[in-house]
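Note that the chains are named A, B, C and D in the order they appear, and that numbering of residues resets to 1 at the start of each chain.
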Amino acid sequence: MAEFLSLHDAVARFVENGATVAMEGFTHLIPFAAGHEIIRQQKRELTLIRMTPDLIYDQMIGMGCVKRLIFSWGGNPGVGSLHRLRDAVEHHHPVPLDIREHSHAAMACAYEAGAAGLPLAVLRGYVGSDLPKVNDQIKSITCPFTGEELAAIPSIRPDVAVIHAQKADRHGNVLIEGIIGVQKEAVLAATHSIVTVEEIVESLDTHPNACIIPGWAISAVVVAERGASPSYAHGYYPRDNGFYKTWDAIARNRESFAAWMNDHVMNARPEESTR
Amino acid sequence: MSQPLADITPSEMMTVTAARALGNGTTCFVGIGLPSEAANLARLTHAPEAVLIYESGTLQTRPDVLPLSIGDGELCETALTTVSVPEMFRYWLQGGHVDVGFLGTAQIDRYANLNTTLVGDYREPKVRLPGGGGAPEIATNSKEVFVMVKQSRRTFVKDVDFITTVGFGRDGTARDNMHPETARHMGRGPTRVITDLCVMRPDPVDHELVVTALHPGVTRDQVIDATGWDIRFADTLETTAIPTAEEIEVLRSLKVRTERHHAGDTV
Amino acid sequence: MAEFLSLHDAVARFVENGATVAMEGFTHLIPFAAGHEIIRQQKRELTLIRMTPDLIYDQMIGMGCVKRLIFSWGGNPGVGSLHRLRDAVEHHHPVPLDIREHSHAAMACAYEAGAAGLPLAVLRGYVGSDLPKVNDQIKSITCPFTGEELAAIPSIRPDVAVIHAQKADRHGNVLIEGIIGVQKEAVLAATHSIVTVEEIVESLDTHPNACIIPGWAISAVVVAERGASPSYAHGYYPRDNGFYKTWDAIARNRESFAAWMNDHVMNARPEESTR
Amino acid sequence: MSQPLADITPSEMMTVTAARALGNGTTCFVGIGLPSEAANLARLTHAPEAVLIYESGTLQTRPDVLPLSIGDGELCETALTTVSVPEMFRYWLQGGHVDVGFLGTAQIDRYANLNTTLVGDYREPKVRLPGGGGAPEIATNSKEVFVMVKQSRRTFVKDVDFITTVGFGRDGTARDNMHPETARHMGRGPTRVITDLCVMRPDPVDHELVVTALHPGVTRDQVIDATGWDIRFADTLETTAIPTAEEIEVLRSLKVRTERHHAGDTV
């Protein structure tokens, strides 16, 4: 049953040094507030999983929280590179970063398989690609009915999943609406889960097939207003595309990055850190 | 009515040519950036019934401005419906419902293999690029693939450093002799590469890219200079049709709307 | 792109003798009107797939349309046996019926895999059950990461899927709401699909993550008012539980069954046959 | 306050005993029929926070009347949300979110294996039963399983004709020595069998069912007569607690509401 916790307490309780953490949200509903709190608590040696690392992982990598990254597309969407990610891969700064790289289709299937309690995901994937040559986690199985060889990758089963959603009711049942990504899968695949929400409401008041994660499938629910900014929350606030563009210059250089993080994250209280 | 040629940029020429390749009613899995621009231009001109799908889960979307990211709110708000990302890749792409996968790239080689992973060696890269994203399976599970990319020697290389996304493989045979069940689900691969200079198509036999049309005013030498291998030209080389005034007008106003929209707040 | 057809024409065009047909709807939205039209058109040698055969397949089996049944639970829900199904299995009447029997979990996964374009479904299923001894379509694969042996069954990829839904818009986009079962999967897994609907509306007018099947993924859309009765359509009419109970007596005996089918299906026009 | 014993039917005794086994806050995957009656009685009495899941995809449902089928409209209308059937079996059951699988059966044997497939030989059955439905994987993927069934020699057989749904296998060892990954996901299996006469539990060592409690007024001989094998009794045999007046009152009014509701239209 979900506990209602502060952001500080939820991160302190569930995100341990060395943990495998999946913070999801496909462009939409990216849990920035929680990412900033993990940075503030100076968690180390994390294995981070995310289809699209985005600015949130650029920040966590640049601040030295991360030992390994499992991902499928590591850019600033529509803008260019993630400079902190590149610096870590190309120059091992601030710490060496081990990467395990997949395709979106494979990652999506691996979350699905994790949610389904399976050890592997099966897909018609990676045909002709060099990715299996550099990622030993991409193997294959043979279909016993057709003889077809299909790609197999390990399912994603993180220690902790962290997502942001629009709202929760007083029982901790969470509604996600709009671009729902792989958030439900991430939560169901994980041992523990933290869901930050814009608000707590009396009733979710929605339609019969809404994407709702029941409170009994969540570890902690945390109120974090504007907790996805500069990403967005459908029905609450739009994506701050301007900031995504501005980030390119901030992150390009180690000093400007450090200064920005210092001002906007390290010295901010949880409720101030997101923008 | 054609737009006066002098008034059209090579980029616009590329986008309009790519847009025209997309038939009305086609289901198109759209990559972000150039493909998104071309696919939406098609939808706003000759192909109002084109079905645009983005990997964020938005099915049949009709954005009024071009999304900056693959998952902008605009895409969901104008979609027929939005599904989860696993459903998108499993049911809609791998399930065989995509006619055209529309991709950009950082590098492309003579067999239309795409590299968006890195320049140099994998463990010690010179330049680390964003990676594959949806492209590896878009390229194999769509019925055919269009590639759209600005042409230069840095981009058009004889052999890509890394095959992120297969065209026809290192020797052009990657799609031959597959298991029948795989073959039944694999698309034909890249059928057109549209650049700011020309259109290339794979040779029907050996699958090497061949220039089949030059954009108006572009010379063979310009194409040769911008290609990192000994590029072949079709026997009957066509000239791309000039964009109409309407196409240019719609494209420009789409870009103006988009720019205004994304200016948004800044720090 | 979906064509708008009459029920007669849709069945005549897409359901051939000998075809593999999946008519789905998990208790809710069972396509009775379409089933009756298949009976009226005297289709033969069908392979029918359905998790819960229900009255609709009892009727089709009793009327001699069916050569093989692939299913996971063949009863009259909450009432008892399907007597026509039992008569076919126990006494080969009116024609011998070959059965391929699964569990719900396996059938659900097989529909999912069919929709996903895969040849097989993988699940942690059938552990300790005798079902694999009597169904040679239940095999296994070994996970290349953990060494675990998992059940594998062929995905479901029917020639035709037939479902009933609440409504379609003028482009043939279909909304399903409430208990959505495996209907979307059945349609996406099939080569052709017929969707009967209660009504055509100007706009589906629903929420961002509604269960909508786009018109371009459907072969034919057919208006069949009360087309799921005596099953039900959420938002339109309730389940006729009384009829489900009455069916037990009708179907128990070959003569009363034949008489009922004659009166209510064979001599009815499409628009009269459902109740 | 206890209900006077003479006023309680064996069926009611069974239902109340089964309901009491379900703890508040428990997530229960509910089979139709007797388990549904017991699970809803639990929810309406001591376990208001019990989470009831039905295989039709309805999560956390609170029906006011008992559903006739596993997919009655009532289940969806009172649910927290309704998911697809593949999602139900993959994410919620196989994903490990079910505490108790609550099953009925047609036959059960001494190792709590269940048969709902057929009597006789598979290819030439004497009686064809409905089949497995959700039970085979409910029994293996739930953390534990309760079985609820009226007791008779026809139902309680030494060896079931067909193992539709495994308890502990033909020799009681089916859940031992599994692959660690399978073991991690497999539940403990049947932990209680609740009948109209008694409660049985598997012996902790050999997993054979042992009577651990008799319902008030029931004798050992009655149980022996209604069991098709040489049934064992626990050394300290308990007597099931008598239902309270409230439990009986809630159960009866639930059944009256249900009957009225399902009378509905008839032909």
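As a convention for this text, a contact is a pair of C-beta atoms (placed from the backbone, for glycine too) under 8 Å apart; a residue touches a chain by one contact, two chains touch by 3 or more.
Quick caveat: nothing in here was measured; it's all calculated off a predicted structure.
Engineer: Listed by label, which chains are in contact with chain A and with chain B?
Structural biologist: Under the touch definition, chain A and chain B have C as mutual neighbours.
Engineer: Out of A-D and C-D, which chain pair has the most contact pairs?
Structural biologist: So, comparing the two chain pairs, more contacts are at C-D.
Engineer: From the mean C-alpha coordinate of chain B to that of chain C, what's the distance rounded to whole Å?
Structural biologist: Roughly 40 Å, centre to centre.
Engineer: I'd like the Å distance between the centres of chain C and chain D, where a centre is the mean of that chain's Cα atoms.
Structural biologist: 28
Engineer: From the C-alpha centre of chain B to that of chain D, how far is it in Å?
Structural biologist: Comparing mean C-alpha positions, chain D is 57 Å from chain B.
Engineer: Which parts of chain B, given as residue numbers and ranges, touch two or more other chains?
Structural biologist: Residues 76, 82-83, 90, 94, 141, 181, 185.
Engineer: Among the residues of chain C, which are close enough to touch at least two other chains?
Structural biologist: Those would be 112, 117-119, 123-124, 143, 146, 148, 178, 180, 184-185, 208-211, 234.
Engineer: Using the contact definition from the top, classify how the chains connect: line, ring, star, complete or other.
Structural biologist: Topology of touching chains reads as other, fitting no named class.
Engineer: Please give the residue numbers of chain C that touch chain A in the complex, ascending.
Structural biologist: Residues 117-120, 122-124, 137, 139-146, 148, 150, 152, 154, 177-178, 180, 206-211, 234.
Engineer: Inside the complex, what are the residues of chain D that reach chain C?
Structural biologist: Within the complex, chain D contacts chain C at residues 32-33, 55-58, 67-73, 75-76, 82-86, 88-90, 93-94, 113, 117, 122, 125-137, 140-141, 162-166, 169, 174-175, 179, 181-182, 185-186, 261-267.
Engineer: Would you pull the chain C residues touching chain D in the complex into a rising list?
Structural biologist: Checking each residue of chain C against chain D gives 26-28, 51-52, 71-75, 77-79, 81-82, 85-86, 89-90, 101-106, 108-109, 111-112, 123-131, 134, 143, 146-149, 178-182, 184-185, 211, 232, 234, 238-246, 275.
Engineer: Can you tell me which positions in chain A touch chain D when the two form their complex?
Structural biologist: Within the complex, chain A contacts chain D at residues 1, 112, 115-119, 173, 184-185, 188-189, 208-212, 214, 216-217.
Engineer: Touching chain A in the complex: which residues of chain D?
Structural biologist: Touch list, chain D to chain A: 25, 27, 51, 59-60, 76-77, 79-83, 90-91, 94-97, 141, 181, 185.
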